[in-house]
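If you scroll down you'll find the structure; I have some questions about it.
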Amino acid sequence: MCRWIAYRGESVPLESYVTKPVHSLVSQSVHALESTAAFNGDGFGLGWYGDQPEPGLYKELRPAWSDENLQHLCRHLRSHMFFAHVRAATGTSVSRPNCHPFAYGKWMFMHNGLVGNWDLLRRDIERMIPDELYGSRGGTTDSEALFLAAMGQGLTGAERREDPVTAVGRMAELVTELVHGKGEGAPFRFTAALADGRDLYAFRYSANDSSNSLYYRTLGNTVVVASEPLDQDRGSWIGVPDNTALVARWGEPLEIQPFLQPSETIEKIPAAR
Amino acid sequence: MCRWIAYRGESVPLESYVTKPVHSLVSQSVHALESTAAFNGDGFGLGWYGDQPEPGLYKELRPAWSDENLQHLCRHLRSHMFFAHVRAATGTSVSRPNCHPFAYGKWMFMHNGLVGNWDLLRRDIERMIPDELYGSRGGTTDSEALFLAAMGQGLTGAERREDPVTAVGRMAELVTELVHGKGEGAPFRFTAALADGRDLYAFRYSANDSSNSLYYRTLGNTVVVASEPLDQDRGSWIGVPDNTALVARWGEPLEIQPFLQPSETIEKIPAAR
Amino acid sequence: MCRWIAYRGESVPLESYVTKPVHSLVSQSVHALESTAAFNGDGFGLGWYGDQPEPGLYKELRPAWSDENLQHLCRHLRSHMFFAHVRAATGTSVSRPNCHPFAYGKWMFMHNGLVGNWDLLRRDIERMIPDELYGSRGGTTDSEALFLAAMGQGLTGAERREDPVTAVGRMAELVTELVHGKGEGAPFRFTAALADGRDLYAFRYSANDSSNSLYYRTLGNTVVVASEPLDQDRGSWIGVPDNTALVARWGEPLEIQPFLQPSETIEKIPAAR
Amino acid sequence: MCRWIAYRGESVPLESYVTKPVHSLVSQSVHALESTAAFNGDGFGLGWYGDQPEPGLYKELRPAWSDENLQHLCRHLRSHMFFAHVRAATGTSVSRPNCHPFAYGKWMFMHNGLVGNWDLLRRDIERMIPDELYGSRGGTTDSEALFLAAMGQGLTGAERREDPVTAVGRMAELVTELVHGKGEGAPFRFTAALADGRDLYAFRYSANDSSNSLYYRTLGNTVVVASEPLDQDRGSWIGVPDNTALVARWGEPLEIQPFLQPSETIEKIPAAR
């Protein structure tokens, strides 16, 4: 089980979230509190938006805790929107192409969770990736396949522009059918973040299992979403409910939307504080 | 374009071929003579048979020339059958899962060449891999896909046992059709080695292009097959002809067989000296 | 704090100790029981003796738990004497030259412990390394410096041949004086193994601190020494007492000898069971 | 023999010099024109100044040509002063701590050249490093030792502030004496860059040998210094003469100063165009 954080707001040095806080992402790589994996030492990655339309990426297969490059980059890079991810592999190899975040054009994605019975379902999920995106599949993880499959639900191409929550939802619906069907009830846990340089989306969902933890904190225009609170002021962190999407569009207030909810549960969605 | 060597014979330390000769494989990683790639610095791999039915593998994404582990292993490992490969990437990432040799059960494979227009043809070639083998696809290279596709032509499974030259030939035939058709004449170069711990096979073939160089040398029961002669006694090295397979079954004399030859050219096959 | 095992006995595949047991060294890299470091993910190394007078080495800066090469090597390498080590760095960088074991000629060494206040004492300890050995200092750890300093106490060179326990003891005595003096009471923990391909020595010692754990098990000619018992049959493992050296010369029964003991404590040394 | 570039001027994306030009530093890693090493595949490094007083560093032991992180960083990092270096090792191991540039506080340094007979002279040169700097020696190269030895000639500490050309000159003088004396005429080649975030210095010097190539180009406030011209407009590149230092202080015109010149040759120094 991995750990990640996503940031949108004033431009800040990445170290403010990735390396410096008491329970920073790098300290979570050594000792996570709300994870079945005690530590996350199977590679890591950073992604950030700057002057270019597409994000910059830094991925490494070493653990985050001993990488001097990561310390340097987090101290010297500033960004208004960035992702950071530490990995605990669930079966696929520890290699850079399997590290998060993944990017395609302006889009960036990272994931904590899994598609159970991956060897059985891999082909079917890869089949959901459109031909024109398949060449950019660089690794073998379920996470990257889920991302490219979601891209294929209308997030790329000139002719149409889908709402990302709808597109990701359609992908998750198809995968849910797969795990219920051919997967014979394999778990599908999907706690993920998606961004395009302006807007940030996060998802907390699962099928046949309980969802992985997810929290957020807002202050003015700043939104931080993380697998676990980054500091001991836990009161300032709000849990993202199961089966919801967090939507933080640039310059707009944060919203929590239903995400693949059974129709009878929609009324349970709490409003964001 | 990569460089490789394959050995079958008396048990010897790997260093006798991989690191020590004047034009050893490691020296070819720095300066190849018969290659369009002046050097081969995109990772490397060793595979060797010992006490176990399946081969041992050592792969590394660093260049071979500076890896102290490789020096140690070649000095301390002995084997009667081993492969060594230095890679010059043709588009896919430099990662361990993309390094040769590849193994499945008792089988081991390595390749020098390419499927042109890989991004276009990748899906079709991956489709040739049987479901039960697809889980072992760990990288994104054309080479690994060709190997698993060949395995699917009857080399695994209890019920049937194909002749490896026939199975590999069937795979190469299907790929040739693909590059002629959907690939619109993309080149397909296939200079490869396959082994099962007892028998060694090598192939030199191409479609829409000229084949990559391949040589062999025999002495008693020992057969060495290599992209380039390993020493300056070039007279002792015999070129493997285009469109042939070299077959070196344990305890049997080496044979050169036709491999996907247009019927009118079969009489051109030279006998092994 | 690191974890290690040393083996001397019948030639066996390394996997029998390094990767297979319930609490194998690789499982200790993920979850050590008797260590202040919960896990040991800062690189690892193997060293083994075979046909050559000097040992083979395999070192890697990735964690042991995700390295496929390590799995392959442990399954395919057999040896009558080998070391394996997983590292938890105590301040120096995670790089291959800082991974254990270290070798010089026929000698091989690994260490769990530290010289406290290393930045202050490093120069003085490096000064203990003879000129002719200094060129082989490849990293910056205290451990490697202690090894080369011990070599300089009479373990190399043609003219004289020291008893290894005496040579290592003289080095440890000099370092003890340093930590008491210039080091102002910095801790010095030295739980180490030394071998030459025939004889195996292990040391458990500390100054200004308590010693790191060390256990051994014997069966016939086989001796295994390890930071922690490798299986749940803890009754078969005997603790190595503080301030002693374990001596396992080829073909001779194992001995426990006093090592830098204050004279009044020598009578406390327990006999090996 | 390594290749490097140093930049001082308007803030630009690093890609403008490191990855994009026809003969960019990364293309020099694959094919250098004025170097005895045909390629430079033994690791690389970036160093850049931004908001912080000390530089950011990114080092990697893989070759520059296949590192996706480097492509990303060069595209997304902007700086008014940066170094980039590709390494061809001259005997010491390929590890991150041995990659250039090296940093201490605000200072950054990189080097192309060598101290011949390094194993013999290493101790003497390391002895030139002051105690308070010795803890920051992270690798084993001659280059890093030369840097820290130069720092010790008055570039750190509160009480005094040396002119960098004088300090580096004093270090080079001491090393020259060493190679003439104990080194018995070993070559000493020193083509190096030093910066503090404001001012840039470069040196071209050798003893017992000919100096490695060095060029510069100025345009307005921008100064680029490089082992080889980065594009085919060779006319715009000026060779840095032997035994001179290039001084590019912020907001001041570039100067070429004598550096350790035999007194009778000083008049030969050409003026900068």
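The first chain written gets the first letter, and so on, giving A, B, C and D; residue counts start at 1 in each chain.
Everything below uses one rule, namely that a residue touches a chain if its C-beta (ideal position, glycine included) is under 8 Å from a C-beta of that chain, and two chains touch if they have at least 3 such contacts.
Computed from a predicted structure; not experimentally measured.
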| item | value |
| --- | --- |
| Cα superposition angle of chain A on its copy chain D, in degrees to the nearest 5 | 180 |
| Same or different residue numbers at the chain B/chain C copy interface, by half rule | same |
| Chain C and chain D: spacing of chain centres that average the CA atoms, whole Å | 39 |
| Chain A and chain C: spacing of chain centres that average the CA atoms, whole Å | 42 |
| Sites on chain B at which at least two other chains make contact | 68, 93, 96 |
| In the complex with chain A, residue positions of chain B that touch it | 92-93, 95-97, 119, 122-123, 131, 134-135, 137-140 |
| Complex contacts: residues of chain C adjacent to chain A | 31, 38-39, 41-42, 61-63, 65-66, 68, 89, 93-94 |
| Residue numbers on chain D that touch chain A, as the complex places them | 13, 48, 50-52, 56-60, 68-69, 72-73, 75-78, 96 |
